[in-house]
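Presented sequentially are two complexes of chain A, the first with chain B as partner and the second with chain C.
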Partner chain A sequence: MAGKLKIKNREGGFLIGVIGDEDTVTGFLLPGVGQVDSKRNKNYFVVSSKTPITEIENAFRAMTTRDDLAVILITQHIAEEIRHLIKDYDKLIPTILEIPSKDHPYDKEKDTVMQKVLRMRGTQ
Partner chain B sequence: MAVFLVWPSEGEVVQSQKKTIMSGQGARINIFPTRMALTTMKSKLKGATRGHSLLKKKSDALTLRFRALLGKLADAKEEMGKEMKNASFSLATAKWAASPLDVSHTIIENVGPTAFEKLKINSDNVAGVELPVFEQLSDTGKQSEQLTGLGKGGEQIRKTRESYSKALKALISIASLQTSFVTLDQVIKITNRRVNAIECIVKPRLERTIAYIQSELDEIDREEFYRLKMIQSKKKIAADKREAELADLGIALPEKELVDTGISANIAAAFSEDAAEEQTEDSLIVF
Partner chain C sequence: MTEEEHYDLCCQIDAALNSWYEMMEQYERLHDDLCRNLKEGFWNMSRARRSGGSQLQLDSSQYNTPTIAIKRLSLVDQTFHVVTIDPSATQPATEDETKSTILAKEWNHFVHQREEEKKYQLGYYWLRDDEKEKGEEEKKPQAVDNAEKAEKRIKLKKQLKTDPIYKFGLLPPPSLRQAQTNFLHSVDIIASISSVRLLMEQKRREWEVLYMQKRHIMQKVLLIAALLGFIVLADAFGGQATYFTPGLGACGHHNTGKDLIAALNAPQWTNGGKCGRRAKVQGPHGTVTVTIVDECPGCKYGDLDLSPTAFSKIAKISDGRVKISWSWV
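Up next is the complex of A and B:
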């Protein structure tokens, strides 16, 4: 897949997916990133403290296999839960972007991509 | 031209291959040693050298870009924290202002069938590599219609929406940087692998092939030289013998002798020409 990236634009643009706690999802839905299509497919997923990991995994898998998403925002503490999936994820689009949430500040040492960046800059 | 690699597949062949490697031959292209093959190999070597330098340049250009990107991405990720903090703080305020109402629930339940914030992917070209750049497509007209019924918290909600819009913008540019980073990382690896493959495998193999063809051609030349020498000496012996016989018989045939020496002189002339030619070609081979 590397190097052979085909940049194709979709009719009607790409969506931004959000996986996060209630507040984060609410925040991003306010400017209007959310979309629920006729089959009740959502491009956001609310994780509470009671959500089992398998459900997060399923939501993540479902989102990464959709072809109308370009970026998936995922709060870092949820990303930690499904770190194994994020580490193995090798597609370019949708891009997984780890974001801070209200209760959990961003830690760049945990971010899969940032780990690489830090290693290459030699500041780890 | 059919070119086969001398890479063994069977056990026996491995043995013989080992021998050739040990005798300093190494792997080379299996080709019949002719002058034409030599020319082909030389042009291939030239092509490989040019390809190598081009790929090296590409790799350098990409690395340059990559270094710049690393810094930008790291800084942007640091900045992201602040932006998000602002946004979540204003959301908290909005929730508090609209306190009896569950804002989150209302918002999450009221998501429409089309998103107002969408993305377009543009591409940026660096040394023939396409890097994706996300561009925000916002439908601002519809945004303001949304959630008008939230009452008291309306003003605060509007502010929250703005701060999240800002955060989203920052996140989208970070996403572009991150995607470019991942792409460049992979492309640089591939390019470097190719550069190394040409340098360490393709070029040595071509050089070995050229050396092999040259040594074979030299060998053929030496054989030819020896053959001509042999013919010359045989002819001389025969001529001497005949002369002696004729002398024994007491018959002198000057014309015949002239013809004989003429022939050997011809051969000698042809030979020296050949040698001269060989020399010029040798100097060509050595460049």
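Up next is the complex of A and C:
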């Protein structure tokens, strides 16, 4: 059937990437989501209030080009800062999931993916 | 494309859209669930920070040694599942075989060292002495006790090795464990969300294919209709021609019998809309181009009432009524 998606499973499973503030990242490290390999490459990125936007962009780009991540979790207020990158993002793996952080509650209106998805409602 | 096939296609499109809507609702519900769990997790983490004090260092800088992610997502049948990996059983994945064994050795050695450090800090070795004393006191269930304790020890050893909660401190407060459960639950929800996303994208593509099919067909249908319309317009009219004595025509002009004019039949008259239009008339004996100046109330659709001169060009006057075919020019 034309247009059927086929994503291959990866040996050893996919990782979950996290871009967020200190608390969010630590929270996800607790159950064991974090991976640091011998070259000190991490699958998470901590953003503080002092991190420049270029660094966040680079981290985001690096994560999206990795083939061992299935999901990238981004806290919504950081997603706001790199909104232009997320808007143009259209790959299926890794998907981007916006999550709330401790200080910033989740706003459905700002979520790019939700917007893209809701736009389909209008095009009947 | 028959009516039935078209109807089937529309039904398929509607079905695809419906299932997509359902999936979207599920997605929203899952996302709300996720946000709730995260909120709880953050709250528990704050509690842990308060109760843990200085012994507990809850930040990601504790994670600076090579570690393997224990919780991963694996893709089965286009749905994601959370898998737990036992780090002692796996080796870091590298392409070069020799490299991997060396890395594995290094990594294991490193972990072992770290473990020993932690155990020492915990006072693990002292604990063991304590336990030994206790074991001597109780004689009867001694063997059983020892076996149990050995099991516990192995479990604790394994936990120290694998459970990342110990990275942040050696005696995690219960609220931290609670937070860990919350985030673990969140990871499960994230797996479901990703699966739903995949399915949604699949459905959307199916819908798009069907929709494109439908549009293609509609375009074809419209094209055919346009063509048909065009053919009808370009078609010639067929009817009968008679002749009359022109005078003041319905279009407002005075005409004589010598002019090449005609009166248009009432059905095609359209209230003077055809006044001045020229028609090329083909009769049994010839062709003539006439201008419409009048209405012929008694004429049927396709008929023309010509002036005597025009009539004589296409037939004998004595014929009176002849068959003609004509079209607009």
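Couple of notes before you dig in:
Convention: the second predicted complex is superposed on the first by the 110 of 124 C-alpha atoms of A that agree within 3 Å, B and C clash if a C-alpha of one lies under 4 Å from a C-alpha of the other, contacts with A are read in each partner's own complex, and residues count from 1 in each chain.
The rule is short, and it goes like this: contacts are C-beta pairs under 8 Å (C-beta built on N, C-alpha and C of every residue); 3 or more make two chains touch, one makes a residue touch a chain.
Please read all numbers here as calculations on a predicted model, not as lab measurements.
Placing chain B and chain C on a common chain A by superposition gives a clash between them.
In the superposed pair of complexes, A:Arg119 makes contact with neither chain B nor chain C. In the superposed model, A:Arg83 lies in contact with neither chain B nor chain C.
In the superposition on chain A, no contact is made by A:Arg61 with either chain B or chain C.
After superposition on chain A, the stretch of chain B whose C-alpha atoms clash with chain C is 77-85, while the remaining options among 77-85, 221-229 or 275-283 stay clear. Shared contact residues on chain A (touching chain B in one structure, chain C in the other): 2-3, 5, 7-9, 12-16, 22-38, 42-44, 46, 70-71, 73, 92, 95, 97, 99-102, 105-106, 113, 117, 120. Looking at the complex, you find that chain A touches chain C at residues 1-5, 7-16, 22-38, 40, 42-44, 46, 70-71, 73, 92, 95, 97, 99-102, 105-106, 113, 117, 120, 124. Residue ranges on chain C touching chain A, taken from their complex, read 17, 20, 24, 27, 31, 34-35, 38-39, 41-42, 45-46, 58-60, 63-76, 78, 80, 83-85, 90, 92-93, 103, 106-107, 162-165, 167-168, 176, 179-180, 183-184, 186-187, 190, 193-194, 197-198, 200-202, 204-206, 208-209. For chain A in complex with chain B, the touching residues are 2-3, 5, 7-9, 12-16, 22-38, 42-44, 46, 70-71, 73, 92-93, 95, 97, 99-102, 105-106, 108, 111, 113-114, 116-118, 120-121.
The part of chain B that touches chain A in the complex is made up of residues 70-71, 73-74, 77-78, 80-81, 84-85, 87-88, 91-92, 103-104, 107-108, 111-123, 129-130, 132, 134, 137-139, 142-143, 146-147, 157, 160-161, 164-165, 167-168, 171-172, 174-175, 178-179, 181-183, 185-187, 189-190.
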